[in-house]
Structures are given as C-alpha cells and as structure tokens.
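Below you will find the structure I want to go over with you.
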Amino acid sequence: MLTITELSVNYGAVQALSNVSIEVPKGEVTAVIGANGAGKSTLMRALSGLVKPGSGTATVGGVTITGRKPEDIVRLGVALVPEGRSTIPELTVEENLRLGGLWRDKAARNATQVQVFDLFPVLAERRSMRADTLSGGERQQLAIGRALMSEPRVLLLDEPSLGLAPLIVTQILELVSRLATESNLAVLLVEQNAVTALRVATTGVVLNLGKVVMVGSGSEIASDEQLRNAYLGY
Amino acid sequence: MTTFLDYLLGGLGSGAIIALMALSLVLIWRSTRVVNFAQVGQAMFTTFIALSIQTWTGSWFIALVGALAAGALLGVIIQYLVLRPVKRNDTSGAIIATFGVLIALQAAAGMIWPGGSQAFPQPFNNAGIEFAGRVWPISVYDFVVIGITALLVLGLTLLFTKTSLGLSMRAAAFNPEVAKLSGVRVSRVLTFGWALAGSVGAVAGVLVAPVSTISPNSFDILLVYAFTVAVIGGLDSLIGAISIGVFTGLVISLVSGYSDSGNAPIVALLLLALNLILKPEGVFSHHKARSV
Amino acid sequence: MVNLLRLPGARLIGHLAIVVVIWAVLLRINDAVDPLMSYYLALAAMYATAMFGMVILVGLSGQVSLGNGALMAIGGYVFALTSLNWQTVPILGWPWNPIWSMVFAGFGGIGVGLIIGWIGARLRGPYLAGLTLGIAVGLPAVATRFPELLGGETGLMLTVPYPEGGYAPAVADVPLDESAPTAEAVPLEQAPLDEVPLEQAPLEQAPLDGEGAGDDMLTADNFPSADSAASPAAEDLLTADNFPSAAATPTEIALPLDTALPTDADPIAAAGALLDSSFVLERWQATLAVTAACIIGFLALNLVRGRQGRVWRAVRDDSVAAAVAGISPAGSKISAFVISSFFAAIAGAVFAQILSYVGPGAFGLGLSLSLLVGVVLGGRASLGGAIIGGVLLVALPELVFKVAGERGWPANITDNAPNLVYGLLVVLVVLVAPGGILGGLKDGGKRLTTKSSTRP
C-alpha cells in the first residue's frame, strides 16, 4: 500500500534519513524500531509532509505523496498520529474528532464518527468535555480517533507508547493491530519500545542513524540477539 | 447616584466600539500570534473609504458595507504581503513590521484624503433620548452602535462554535501542525482570520467616526485603549475583549465625568500597568504565564 | 557603568580615541557649514544619542519599545524645569549650570526607566510594545494635566543656556518672544510659537446633562486625545511635530536661512548689540548635541563591546540558557531599559535646547515611532546603525521635500511622502534585510571579500 523508495531527509548538513526503502502492506502492522535519534520521527514527518524530503519518493496505491503539503497528503488517505498524544486540549473531544474529517462531507464524517465511538467507547462518554480533562491513555485514543476520522488507507503512528502505562500501551497496540486486519489498513508504527512494537508487528524494520539496517518478521528481529544488543539496547 | 448611572449609560456606546477594536486585535492574535499594531491604521483607512462612499452615494449603509469589504481586503493584503513573509521566530520583526504598515497607511491616507480632520455625517440622531420626563445620556445612535456590536459578537460566536470554518480557525490557532495533519488548509484559514479582523476593525472605525472626527491620526488613542482591553482580557479571549472593552468604556466615562476627560488615557495606562504587574496572563486567558 | 572598568585598558583607550576623533571632526564640520546644516547636524546627533539606547534595548536586548520618545520627554522637561526654576542646585547650593540640568535629566530618565523596565522585564514582545505604546501616548498627556507647572498643551519656552565666553556672551536676560527675537532662534522658534494660538485648550468636559452627553460619546469626553491628535502639533506622525522648525515647514526654514539670511551677518544684526557678532545659535546647539552624542556613544560602545553586551545578547537569544549560566534575564532586561532611558533622557535634554522649547506635541507618539524607524532602517543590532538612522531621519525628509519642491508636488503629497517612504522601508527592511542598512552593507562587504578570495 505505502511504498517508500530511497527516501532521504537532510536538516542542513545533517542527513537524518538516507536512502530508506520500506514497503508497508495492507492489513498489517509494520514497525520501525531503533534508538533515539535513529530518524524514526523524521521518517514520519517526511511521510506526512511536515518536512520536505531531499530525495526519494513515497507512494500510496501508486500516487506519489512526497513533496505534497500535509493537508493534501491527508486527503490522499495517509493520516499521522504525531508523537506526544497530539490532541488540541482547548477543544472538546467531539471537536477534536470533527477536526480530523473536516474536509469530508458531513454524512461520511458522521458515519465515521459513529465507528470511532464504537472503537473507543470512552470517547463517546466524554464527547463534550475538553480534551485536556482526559487521561493520557484516553488522549492517545482521541489522537488515533482523530486520525481515523479521515478514513485513511495508511495510518502512521509515532511513538504511541510514550509516557503511557504498559497495560494501556498493550491495549492500544492490540487495538491498532485489530484495526489493521479488520479495516484492511496499512499501519506504520514507529516505536522506541521495540518489545511491545514487535509483538503486534508482522514486519519489523530496524533503523540506525538514518539507515535501514535490517528488515525481517517481528519474531526474527526479536530473536536476533546481536542486533538487539547493537541497535536496540536490550 | 443618578449621575453615576448616567455616566455608566454614557459609556456604553464607546465601550462597544473599544470592544470591537480589541476584538479585531484578538482575532489576529489568536490565529497568527501577532499583535497587529496597524489595526487602527487599517480601520482609519477604511473609514476614509466609507466617508468617500457616503459622500458619493449618500447612504450610510452602503458606506458601512463598503468599509467591511475594504477592511477584509486590506487585512488580506497586509497579511499576504507583510506578515506572511516575516520569519516565524522574528517576533521583534513582526511587531516592527506592523508599525511600519501603520506609518505607511497614515501617510497614504494623508495623501489621498488631505485636509486634516474631517467630520463624518451623523447617520442617526445622536442626541440624548427623551423618555419618562427626562433626557437620558444615551442616543438612538448609541443603540445602533450597541446593536451592531452585539450582532457581530453573536455572529462571530456562531461562526467559531457552530461552523466547520470556525473549528478550523480555532484548531489552526491552537495547534497549526495538528490542524494541517487533519487536513485544514492553515494558511488560507489564517488569511481568512486577517480578513475577518480587518472587517471587524473597519466596523469599529465607521461606528466611531460620526461621534469623533476622522484624520490619519485620530484613532491612535483607540489603539491604546483597544490594546489595553485586549491584554487585560487575555489576548486570546473573545469574551475577554468584549467584556473588558465595555468595562473600559464605562471606566473612561466615569473618569471623564467625575474628573476630566484628559485623565482617561492615564487611567487606562494605569489599568494596563496594574494588570501586567498583577495578572500578566490576562483576566480571561487559559494560558498561565506570558513572561519569559 | 561598572562594567566599563572591566574592559581592558587598551580597549578603553582605543574606544576613547575613536570617539574623540569623531568628535573633533564633527566640530570642525560644524564650524565650516552654514547654520542650517549645523541645525541638521544637531538634530542628527540628538537622534543618534537616543537611538544608541534603542540599539541596546531593541537590537541587543530584543525588547521592542515605543516609549523612548516619552522618556526623551522626561529628560526634556526635567531640563526645562530645572533651568527655568533653579538659581542654585538644591541642597548642595552650588550655582546652577546647564550641566546640572543635563545630569538631573539623566537621573530622571534612569528613575522612570527603572519603573518601566521592572514592569517590562516580565513581558514578552508584543506586550512590552503595547505597554510602551501606551506610555508614548499617555505620558505626554500628563504634561497637559499640569498646566501651571508643565505649561499644558502649549509647553514651556526656554532660553538655551550658553557657556560664558564660549560662543557668545551670556544672554540669559534676553526675553524670548516674537517681538524681540534672539538671533537665529527666530526661525527655530517660529513653529512652536505659532502653534500656541492655534492649539485649543483641552476641551472643557461637557457635563452629562441633557443633550451634550449623548453627543460626545467618543469625542471630547471619552477620547480626549482624539482632539489633541487633531491639533496641529500631533497632526503629522513623524516629522511635523518632532521638528516643527525644519521638517514641517522646510520652505519657511530653508528660505530665511539659505537666502534671506545667507551668512551669519543678518540675524546677528537683527538681534542687535546684545550678541557677539560671531555667535550662531545653531552652531552652539550642534556643538552641544555632538558632544552629548559622543559621550553617550562612548558609554554605549564600552557597554556593547564589554561583558554587559554579551549578557544582553545571551538573554535575547536564549533567556533560559542564560539563566542556567547564572545570568538574570530580568536583570539584564531592566539594565537595558535603564540605560536606554538614560540615553533617551539626555537626548531629550538636548532636544529641548535645540527646540528652545518643550511641549507634549514635540515628544508625542511620532517621536517614539521615528526613533524605532531610524534604528530599524539604520541597523538595529549595532551602534553604527543608530548613527546612520540619525542621519536618515534628518536627511530623508529633506531629500523628499527637495524632490517634491522641484517636481511641484501638492502639499498633501509632499507632507506625507517621508512617512510613506519610512513605513514602506521599515517593512522592506524587516522582510529583506533585518540588519538594516548597516547590516546590508556588512553582508555586501562580506560577500565581496569572500568572492574575491574564493576566486582562483
């Protein structure tokens, strides 16, 4: 679904990503793991249009998304849940959700909202409360819900586990993996927490200093001790 | 006691106008984090345009609508040509640029409409209303001013809370990145915010002109009042701008009534300083601190 | 000031040498040119003095202030009041001398700067700009509240004190009024004097009885300064009210000085036997302004290039990092404010002597804005920018007026053209060359040198 080909991103003289190629198929979770500063967030920002890549392309179903603006990339079916539970705290839960699909027609948007409320019942309960009254886990659900409101074909998740209790992380990741299979969604998950990520991922990609150092199934990577020691630090 | 109430009533109209001008500052601050010090220059300019339209067509209503449109257009032009290209981290640059626009607009108005202070025709009776055996310190025109202000505030409230455009504007103001990721065309929304603010300021200008005079500099003091109000109200808060605006109108009326009109700007300045010392985040703001 | 002492001695002497050379050259120029040019030199030096403070405040410390015109008013009024009312220095009992008035003007600036700086140090950019904008509009209004002491709208006239045996014999007993004009003070004072009768006294507040109340919703009662803005003094933003003599009425001034009074001879004749025949008021004013500018420039140079300059820049660039390094951001910002107010007050005292007058119109929002314009155009990050800005503020209107005169533009175009140019240039500089003219020149120079050096 999402095909990344030789993508490079430079910040001034620093090359944050160099020639990264990843294939993210439909209905599966693909996890990108790596230490701090490996270029994981840069990859997400480049795919969502927040930073312009230096070279290389990314396509969704054959349509090139690189070089486009974030607001156009969303319309092509790629939704990012940025790092740090990015909801807008001043808006209510329902407003945050509405925001996610504002450009769609009202009927389609309302239909999706019903689905999101089914998926995250707690959001339905709190629909008229301000987002800053939610707990960390609820806000992460809201952030994912907002992304889903655009009815994406590709969901980009940047560090969803950050600052959440392990139990909640497991719940959220299991939900994401169910979502991938049930809605036939291509999910690209970026995680520092490799163990948790590889548990739900079909394929794992190890990133180090902006380069892909290994691609393999989740279990392959988890069992490669040398790799774990070298790049993942556990 | 009657005098006190009379002074209060007399301050309502000017309070409404100050509130509108403060509102236009708040609208721009919310969307682009810029205090638009050129705002009164824009309002002055569009009021001159309104005066020209009024002289031409003889209709106050057409003049008001013309100012509204011209205000929006001028806001868009300034945002597009001046504020958009300013580097995002150059706060000083943005402030200085708005003052540059103010200076240029005042000079341009002096060129286009020479002759110094000009009177703006009275669209409605501005004499105190006679009712229940006495003359009240409030006129038909005051009611028009208050009515138009109330309508605008109602319209803006509906826009922000009920419409998709309003939600986009709020999202773009609070977190442009998340707004973009949600598909909001942020730069267009910001430009619309400048247009809206330009229109609101233009209305304030057209409303104040008949009870004052109009010259390139005649709104300078209005800028000080509007800024004071917007800051005390919290710069982010529409409700703050409106309520503190009306409150300031009343205070100015009381100060002018009991002492001397010349003391009003000094009192406003003291209010501003006091607010900045005691509660710098403003009375109505959500945000905690605004200092370094 | 303490930081001055921390500079290596050689550097201090170097700075002193630069300043003394500039001072000597400017005084030579002052003696060589005609009185009108001396007058312009005085104005440019006065602007530069105030803008040295703007460079420190806006450029180095990163605080955009619109209040420095009002701080100049503090200096001007303190100077006027002390020179008009004091025969001896209070408490100390020493005979009064204009130097004391300058010193007290400086103290006045420091005092007010401390208060504003204390409030302002807590505020981010636009809040500070707005507060100082309020001060720029509000503080001159204070003068109108105390007509007996401060002269109200009309302001105070003062005789410019000359040193005995310097440019002229003492003329303190010469009354300064239109019927008995003093040398070339005539054209200079024409504008302020003319304004007096035009100026309406502040409108008496109409009591809220009956019809008057509704009528005056926003005029006299509630927007008092709107009517003061309509008065001639405040009519024009940058030029007219600031230099009522030179800029507002260029033809009036240029003619009597250039043609009718081409040399020193005529005005002196007009002044009668009271004055030494070599006396030219403008020349004394320029001497005074240039000397003040050089002293202040020397102080500024040492501050900017010393430890304090680094502190200001550090806080401007990253106040958190500076705080971690043990610098108090608030203290740094307040010190920038205090020093710039001190400079502004000295400039204000000089301005009072150039105009022979202090009044709310002369120190209005227009003056504050022109200081900002000057320093932004010249280059807000270095003292050279202040000097360029000072020259620009004087030369640009004259240039525009000259072109306008040649082309025969109507008055409304001519009068507003300088401000239009200023406004547009300010926007352009912010967008294209944030370093101002000086920054642009430096960049250009760098590009040239690197180009030639990289060329094979």
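For clarity, chains are labelled A, B and C in written order, and residue numbers in each chain start from 1.
Basically, contacts are C-beta pairs under 8 Å (C-beta built on N, C-alpha and C of every residue); 3 or more make two chains touch, one makes a residue touch a chain.
Please read these numbers as outputs of a predicted model, since none were measured by experiment.
Ranking B-C and A-B by contacting C-beta pairs places B-C first. When chain centres are set by their Cα atoms, the one at the greatest distance from chain C is A.
Relative to the whole-protein C-alpha centroid, the nearest chain centroid is that of B. Chain A and chain C have Cα centroids lying 58 Å from one another. Between chain B and chain C, the centres computed from C-alpha atoms are 31 Å apart. Centre-to-centre separation of chain A and chain B, using mean CA positions: 43 Å.
Of all residues in chain C, those touching chain B in their complex are 58, 62, 64, 66, 119, 122-127, 129-131, 133-135, 137-138, 141-142, 144-145, 202-203, 205, 207-226, 229-230, 234-238, 319, 329-330, 365, 369, 372-373, 376, 380, 410-413, 415-420, 422-427, 430-431, 434. Residues of chain B that touch chain A in their complex: 164, 167-168, 170-171, 174-175, 177-186, 286. Across the interface of their complex, chain B is touched by residues 48-50, 69-71, 74-75, 79-80, 82, 86-91, 95, 98-103, 146-147, 149-150 of chain A. By the touch rule above, chain B contacts chain C in their complex via residues 3, 6-7, 10-11, 13-14, 17, 29, 34-35, 37, 82, 85-87, 90-97, 99-108, 110-111, 114-117, 126-129, 135-139, 141-142, 145, 208, 211-213, 215-224, 227-228, 231, 249, 252-253, 256-257, 260-266, 268-269, 272-273, 276-277, 280, 290-292.
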